[in-house]
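Same chain, two partners: subunit A is paired with subunit B first, then with subunit C.
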Partner chain A sequence: MSYYFAVIGTQDNPLFEYEFGTSKQGGDGQSRFTEQAHHLNQFVLHSSLDIVEEVQWMNGQLYMKVIDKFFTNYISCFMTGGSVKFLLLHQPSATASGTASATRNSTSVGANPTSPQTEEAIKNFFSEVYENYVKAIMSPFYKVNMEIRSPVFRQRVAAAGRKYL
Partner chain B sequence: MASSKASRLGEEYVWRTRMDKVNAELVVLTYGAMVAQLCKDFDSDYVKVNQQLDKMGYNIGLRLIEDYLAKSNTFKRCSNFRETAEMIAKVGFKIFLNITPTITNWTSDGKQFSLVFDENPFADFVELPDDGRAQDELWYSNILCGVLRGALEMVQMQVEAKFVSDVLRGNDTTEMRISLIRYIDDELPPEDD
Partner chain C sequence: MAHLGPGKTASSKEQTGLRYPSNGKTIYHRPLNRTKTAELSQSSFAYLFSEMVTYAQRRVTGIQELEKRLNVQGHPIGLKLLDLLLMREPPRTQTRPLTIIALLHFIKINLWTHLFGRQADRLEKSSNPDTPDEYMIVDNEPVVNAYISVPREMSQLNCAAFVAGIIEGVCDGAMFPARVTAHSVGGKEEGEMWPGKTVFLVKFQPEILEREALLGKS
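Showing the complex of A and B:
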């Protein structure tokens, strides 16, 4: 299971990106994207911004679950009150079904991207990131729509990723 | 011991009953916005920003001392500098900011000490700009130095106050060094002629 997380500003400008892998079921927290996928991911996320615009007023929730799918990439979205988007691209490992532990994996977080467990885990991840995002932008030296360079924020996103995904 | 405990409760009482409270985040954001604006106005010349903060603090201190004396019920003049330090840390900071910095590192002549801040209500959420200089040059809470300098000057003490470390810079502690330069004698106004 590999994840690519990005924060997108109000002008659809990228503010922050972070790539990681699952830490559940003995995962080592490293992403397993292929070489070209690193670049492709950015396009995939960006293209789903149109869908975000479509669904953002549908149910009044900040967390919009899986909003888009591109081949095996699933995209979950969370939108803050200030219309900054948190997008998480998750890609179940292609090899998972072929391994001996496949039966156990099928119920695990991430193996089924639209299962309630996965939705819940991602929701928790987003909430924790949201909390830390608010702290990061409360810094007086941060300006709206500026790239988030805070190393503390990056650490905390990583920690949230390890904890929930 | 008993008397010091009684007075500790006294400060708690003053803090709870006589001081107007304000939302902590309002303070953090207001002070932060001010420092950020100063950095912008002086084109990130952090030495000048420090000076400016100190100057602002000085002007606050000149007037704040009156408020302190009125609210804290400490009319007795401090007999020595050690007592002054105690009053600053345990009464002054307590009633205005609800923190009690630790007093340490006295020099043997009793003229210099350090205040170590375990918590700094100004610095919540703050991360210094990552331009490579702010970490070495900016003293974010420098206004406090000015406040102490101004306030003590009004009670006949000329001091020098400066930060020597700050957790925002990655140091382990936030420490302010205060040195007594002299007691100011009452001076006669200069003659007109």
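Showing the complex of A and C:
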């Protein structure tokens, strides 16, 4: 299971990005994207912004669950009050490793991207990032749509990823 | 360095200088949830605010420009408060405001309680059919104006333009772009109950009403 997480500003400008892998089921927290996928991920993620714009007025929940799918890439979205988007692209690891491991993984977080467990895990991840994001914008030197460069913020996102995904 | 936590030390050792606090505590280490008792002294606020007005006044030529400056000072506060107040909501009611009414209620109740310790006094929709995009938030006694006496020749001025800026920030942040202005409506006759009564006129952009009509149908 590999993840690509990005914070997108109100002008659809990227503010922060982070790539990681699962730490559950003995994962090492490293992403397993292929070489091209690194660039493709950014496209896939940003293309889902159109769908965000449709979904955001349907209900006021901050967490919108899986909103878009591109082959095996699933996009979950979380929108803050200030219309900043948190997007998480998750890609279940390829099942080429054999059916035995596939069945074992089917109960794990992430093996089934639309299962309630996965949704809950991603929700927890987003909530923790949201808390840290609000702390980031509380800085009097932070203006809206500024890139978030703080290494502490990055550490915190990484920790949330390790904890929940 | 032994007193610092393990993960943090590695990075904070390499980075020195003014950017990094010596005790390793950053804004990320502070809790977001303040208790209700964490109120600020009104006199120190009044002192700071009078300094802000003076600062703005030295750099402008007219009253409109002065109000504009106060408005701009408040705007980023509104943008940030929107997220902070949503964050503090209990998860069940943690929703983004999707309609004008929900947004104005959020301002009247949550924002006002946070800033001034009480709700705004009234919420009104413009009764004029030509201006359906105008809403009014009424505050009988704005805290920011408590120690401000406006000279007679500047009677147009209302320093609550600062609060109007905060409201505008909240509206803009929630994707309801609006112009918000503060108007004094009290003090016209003797013995009035609320001489400092201020109306915050919220004028939404036309596309917001269009969107609202579309969403209402579906």
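Quick note on the criterion: the second predicted complex is superposed on the first by the 160 of 165 C-alpha atoms of A that agree within 3 Å, B and C clash if a C-alpha of one lies under 4 Å from a C-alpha of the other, contacts with A are read in each partner's own complex, and residues count from 1 in each chain.
Assume contacts are C-beta pairs under 8 Å (C-beta built on N, C-alpha and C of every residue); 3 or more make two chains touch, one makes a residue touch a chain.
From a predicted model like this one, the values you see are computed outputs, not experimental measurements.
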Joint occupancy of subunit A by subunit B and subunit C, clash or fit: clash
Which superposed partner A:F141 touches (first subunit B, second subunit C, both, neither): first
Which of subunit B and subunit C A:S150 touches, first, second, both or neither: both
Larger contact residue set on subunit A - subunit B or subunit C: C
Partner chain(s) touched by A:G60 [first = subunit B, second = subunit C, both, neither]: second
Partner chain in contact with A:Y130 - subunit B first, subunit C second, else both or neither: second
Contacts of A:H39 with subunit B and subunit C, given as first, second, both or neither: neither
First, second, both or neither for A:K163, with subunit B first and subunit C second: neither
First (subunit B), second (subunit C), both or neither touched by A:G82: second
Subunit C clash site on subunit B (candidates 149-157, 167-175 or 185-193): 167-175
Touching both subunit B and subunit C, residues of subunit A: 135-136, 138-139, 150, 152
Touching residues (chain side subunit B, partner subunit A) in the complex: 25, 28-29, 31-33, 35-36, 39, 124-130
Contact set on subunit A toward subunit B in their complex: 135-136, 138-142, 149-150, 152
Subunit C to subunit A touching residues, read off their complex: 7-8, 11, 15, 26-28, 30, 32, 76, 79-80, 82-87, 94-98, 102, 173-175, 211, 215
Complex contact set, residues of subunit A against subunit C: 56-57, 59-62, 79-83, 130-139, 143-144, 150-153, 155-156
